[in-house]
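In structure tokens below, several structures.
Common to both upcoming complexes is subunit A, partnered first by subunit B, then by subunit C.
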Partner chain A sequence: MDTSGGRFLLYVCLIAWLLAVVLPFGWVIVTSARSTEEIFRAPFGWPEDWSGSLGANYRKAWVKSHFEDYFLNSVLVVSSSLALLLAIACPAAYALARYHSRTFRWLLVYFLSGMMVPVQLLLVPLFFQYKDWSEALTVALSPLFAWFGQNHVEVSLADSHPGLVLLYVSLSLSFTLFILTSFFRTLPTELYEAGIIDGCGEFRAFWTVMLPLAKPGVVTAAIFNFIGLWNEYFLALVFINTDKYKTLPLGLAAVSIQANYRSDFGLLFAGLVIVMLPTLVVYIFLQRYLTQGITLGALKG
Partner chain B sequence: MSPHRAHQRRFALAAVTPAFLLFTFWVAWPAVKGFYFALTRWDGLSDPVYIGLENFQQMVAGFSAEAGKSAKLFPVAIRNNLILMIGPAVLILALALCFASAMRSRVRGASIFRVAFFFPNILSAVAVSILWMLLYSTSGFGVFNALLGWLNSGLTALGLAAEPTFKVPVAFTDSKILAWSLIPMIVWTATGFYMLLFLAAMQAVPETLYDAARVDGASPTLQFFHITLPLIWDTVVTGMVFLLIAGLKVFDAVWVIEQQQSRPDSNTLATLMYSKIFNEYQAGYGAAIAVVIFLAVLLFTLVTLRLYRKEALEY
Partner chain C sequence: MAEVSFKGVKKIFPGGIVAVEEFNLEVHDKEFLILVGPSGCGKSTSLRMVAGLEEITDGEISIGGKVVNDVPPKDRDIAMVFQNYALYPHMTVYKNMAFGLKLRKYPKAEIDKRVQEAAQILGIPDLLDRKPKALSGGQRQRVAVGRAIVRKPKVFLFDEPLSNLDAKLRVQMRTEISKLHNRLETTMIYVTHDQLEAMTMGDRIVVMKDGRIMQVDDPITLYDHPKNLFVAGFIGSPPMNFIPGRLTSEGGAVFFGDGHIRVQLDERLLNGQVQGFMNRNVIFGIRPEDINDTQEVREIRPNTSVKAKVEVIEPVGSESIWYLSAGPATFIAKVNSHVRAEVNREKEIVFNVAKAHLFDPATESAIV
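On to the complex of A and B.
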């Protein structure tokens, strides 16, 4: 496309796509500052009363439709999942990349095969496994609770945040180990050996020498998992029923049903902005790491 | 064994054990059990009854002409999944390859395009679905219907049409056509990711090849088909499989736009599975659908490996 005509057409296409991507967000943000009555009366106008309708819509979404709870739940579930996931996956990935015994080679294949398993296949077994395990845990822990003077305490993994966190961590392991092992493999072993000669134990060599070197890989893994878990809907839908435990995607879907039912679209536009805005902010700061991660993946094939 | 080696071994074992336990009990073991449940009739409460391949026979029976209403659900879901696999794959591969080669040829503001095009990818599928549900709305604020309306009045004003060309409002999210309506949404969301994927692969192609081609007088189109495409072929195949697998697993968009209910005409395999398990208490049949999804993923992956270039390219 060296001709100027082709060049011009190229820019037209790129700018058209840019507008197609950006304009819907502008539309949602502007409309979220208009009352439902206004939206129906004049669908495509500018907000008549910026601060008034904006405040009303967002207050209703944040407080009355419980977005404050959903938001907090998402922060809690995702941050604890990420912390636990990295605490478990980093040492495992390091060991898998570092030691080449036959057992460890098979172990890596075993872990990575999990990337082929669709979450749907796990749904039925996990759902009913959670029921059985909850009953077993209740029985097993009852002496402990009785000792604290609490009879009839029921432990439940289903419909609880710890249960969801366990699911998120386990189901993210394969992908995370895939990223982290390929990162640890690229690190030079000389530094590790120098550490050992200087008298580090294996753990110290991992913790103070190798892990800091793998930081870019750990950051990439953390970001991809953050995005995946922050947006996760299917498992949360299956395992969380109680409204006060719902995460943001689950809450937004529920509010969309209410809003459609009551024709309260001002509320829905505001809810949508509440869900999209944090992602946008995170993206602006971290997009460099994201595109790097994809580049890395593409070159590995 | 030296004390150091023994120490090393203990550390390595301790490091992988937690991951091994979690993966085994929460992924590997349930996956095996999933295959077993697919061979049972089970309501989720009483004990599962082994029935062999009956669940799968029931799916196949749905394709016969005299199949009942309930048996027809499975073929409809398959049809919807095929629409959601093929439509987006074709459009996204074409668009992403165009955009990526444009970016490679150094356009101005490339980084702005890159950052903006990729953004919809990291939004939750729920938010994207609701955004498009609002864009498609038949109420006054539905952008697409408004555009069609303006097009109508524009055409009549110009005297190109005597009466409205499009019957507005179009119910884009009607169950019967929902799968088709989701294609633009998926293209809008995912194109940026595949553009970055292909761009990264293209940037690894040495510039000298293009210089040589230019000296020989090859046009940009010729360069694309004879240099770029063959050299990034493996990445294109990978992208295609990602798209097919994603189309196979669509759940969120259909479930959210259908207000969290299963409708016979808009079901995908995943939503059909969900409603079989949790609305009709047919956990065995639901597990069987999941096995179908797994086998399809496996098949795509194996076919991909065959489509990869046989020998590594040296350049």
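On to the complex of A and C.
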């Protein structure tokens, strides 16, 4: 790619790629400020009344179509999933990367093999599993509820946020361990040893020396999981039925399903932007770590 | 202030690889002891066992009279400097140095005092606010040393601390570490594969090979009286020449070799043991600096000169290295650069037989 011709070709490709990504995105944002009538009159065009349609679309989406609640639900579910996931995966990946016994090797293979299982295959067993666990939990927790003066409380993992979080955490664990283990492996053992000699115990060596060094890897894992979970539709669709528990992707789907009765495309586009925005913001602020994490992980896999 | 003692220490790694065995050694208080040997000889493993980074398979290591086999590294009162510095990249130089003290709950004022003091000693007071990645190799090494000295440990452990530095800086840091030892008067154990580093820095040197101690002595004794072929070949640069041949006696004098190289041994070498090797094969060892050009020697003793072909001449400054051959034997001489010689010509050279060594080819140990 040293020749000017090669360089020109490279730029053409990159610009084409850039346009392919940015144009639809810009179209969605611009269109979210247009009314449905406008959109149908001319799908590609500038908003006639910027502030009016923009405000109307977003207000409708946020309040009337309950994006307010869906957004909050998504934030709640995704953030607690990420917190729990990283709290489990970081120490686990550290241990799997550091100790080289046969048991640990097989344990890692076992975890990674989880990536090969298609989620769709797990749905029915998971449903029954959740049913069994819910019943068991109901029995186990009934004394506690009784103590609070609540009788006949039924615990349900399906159709609940904790149930969804549990699913998200367990199904993301393989991939997260995959990223983090290979990342922890790239860190020099001497740093751990220096920490131990300086006076750290095992946990402190992990917490104050190794974990801060793994920050690019942890951020990478967090972003990938955030994007995946924020947009997660399938599991949420199957496990969440009650409207007030729905996450954003379900809310967006609900809007487009409503389109059967009256197609409000302005509203739909506004909803799309609401869904996309957090991912974009997270990406913009953390992309430095993301690229760093990817390349670092790639150097020594 | 402490002695370190190894009693029958053995280390077997998982998979049955024996890294160190029959390791018996007393490191004196305030001594600068060097562990030297080729890679894989077990020197680093021995050091890491003192640090507590490797478990001891068998035997006993004690520091200051206390057996530390089961004492965790942080309670051994040791500090270690690693080959790749192992500075914490996310902490400033100050924090790197203060970390160990902070963990041990020293008061802030005391930590500050010690860090500033160490920074002064090492000439890095301007760097305290920097992160390690903004430092050069030499500066990083200083910080790593600083991190060790602020702790004021009983024993300092150095694991090839200079091998990542360039040649010039290495020589400079070598002197600085020696000075530091004189100043701190603390027991130091230093691992290196570089025999020159070992010779210049150590009070005593432990030469290791295949997990065993070959010889423990002060540098000059090690140089003058190597106990075996390995030590003789390892210490000194260029290495000692080894020439196989027979010992014969003739009219009361003892000769080594026949044909191309035949020299009469010095009487001082002739102890009872040598008599036992009469008419047997031995290995004759002589250092390059003990082979001279006839011009360099005032008086040539009888039967000590040899005719040899000069194959290569390497001038290294005040001295030149001559690669010589005489019949099947090849050897190296270190001669004054001002002595002229021509490549591919025969030259008469003199062996300083008083400084020669004899080794038993079977056991590889020194006869004299």
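Here is the rule we go by: the second predicted complex is superposed on the first by the 258 of 301 C-alpha atoms of A that agree within 3 Å, B and C clash if a C-alpha of one lies under 4 Å from a C-alpha of the other, contacts with A are read in each partner's own complex, and residues count from 1 in each chain.
The rule we apply is simple: a contact is a pair of C-beta atoms (placed from the backbone, for glycine too) under 8 Å apart; a residue touches a chain by one contact, two chains touch by 3 or more.
Keep in mind it's a predicted model, so treat the numbers as computed, not measured.
Student: Is the number of subunit A residues in contact higher for subunit B or for subunit C?
Tutor: Answer, by number of touched residues of subunit A: B.
Student: Taking the superposition as given, does A:V209 touch the first partner, subunit B, the second, subunit C, both, or neither?
Tutor: Touch status of A:V209: second partner only.
Student: Have a look at where A:D198 lands relative to subunit B and subunit C in the superposition and call it first, second, both or neither.
Tutor: In the superposition, A:D198 contacts subunit C only.
Student: Touch test for A:V109: subunit B only (first), subunit C only (second), both, or neither?
Tutor: neither
Student: Quick one: classify A:E190 as touching subunit B (first), subunit C (second), both or neither.
Tutor: Touch partner of A:E190: subunit C, not subunit B.
Student: Go through subunit A and flag every residue that touches subunit B in one model and subunit C in the other.
Tutor: Touching subunit B in the first complex and subunit C in the second, residues 196, 201 of subunit A appear in both lists.
Student: Mind pulling up the subunit A residues that touch subunit C in the complex?
Tutor: Touch list, subunit A to subunit C: 188, 190-191, 193-201, 204, 209, 212-213, 215.
Student: So in the complex, the part of subunit C that touches subunit A is made up of which residues?
Tutor: 51-53, 72-74, 78-80, 82-84, 86-90, 99-100, 103-104, 147, 151
Student: Show which residues of subunit A lie in contact with subunit B when the two form their complex.
Tutor: On the subunit A side, the touching residues are 1-2, 6, 10-11, 13-14, 17-18, 20-22, 24, 27-28, 31, 39-40, 43-44, 88-89, 91-92, 94-96, 98-99, 104, 107, 110-111, 114, 116-118, 120-129, 166-167, 169-171, 173-174, 177, 196, 201-203, 206, 227, 230-231, 233-234, 237-238, 248-250, 252-253, 256-257, 260, 263, 265, 268-269, 272, 275-276, 279-280, 283, 287, 290-291, 294-295, 297-299, 301.
Student: Can you list the subunit B residues touching subunit A in their complex?
Tutor: 4, 7-8, 11-12, 14-16, 18-20, 22-23, 25-31, 33-35, 37, 44, 95, 98-99, 102, 105, 107, 112-120, 122-127, 130-131, 133-135, 139-143, 146, 188, 191-193, 196-198, 200-201, 203-204, 220, 234-235, 238, 249, 251-252, 255-256, 259-260, 269-270, 273-274, 277-278, 283, 286-287, 289-291, 293-294, 297-298, 301
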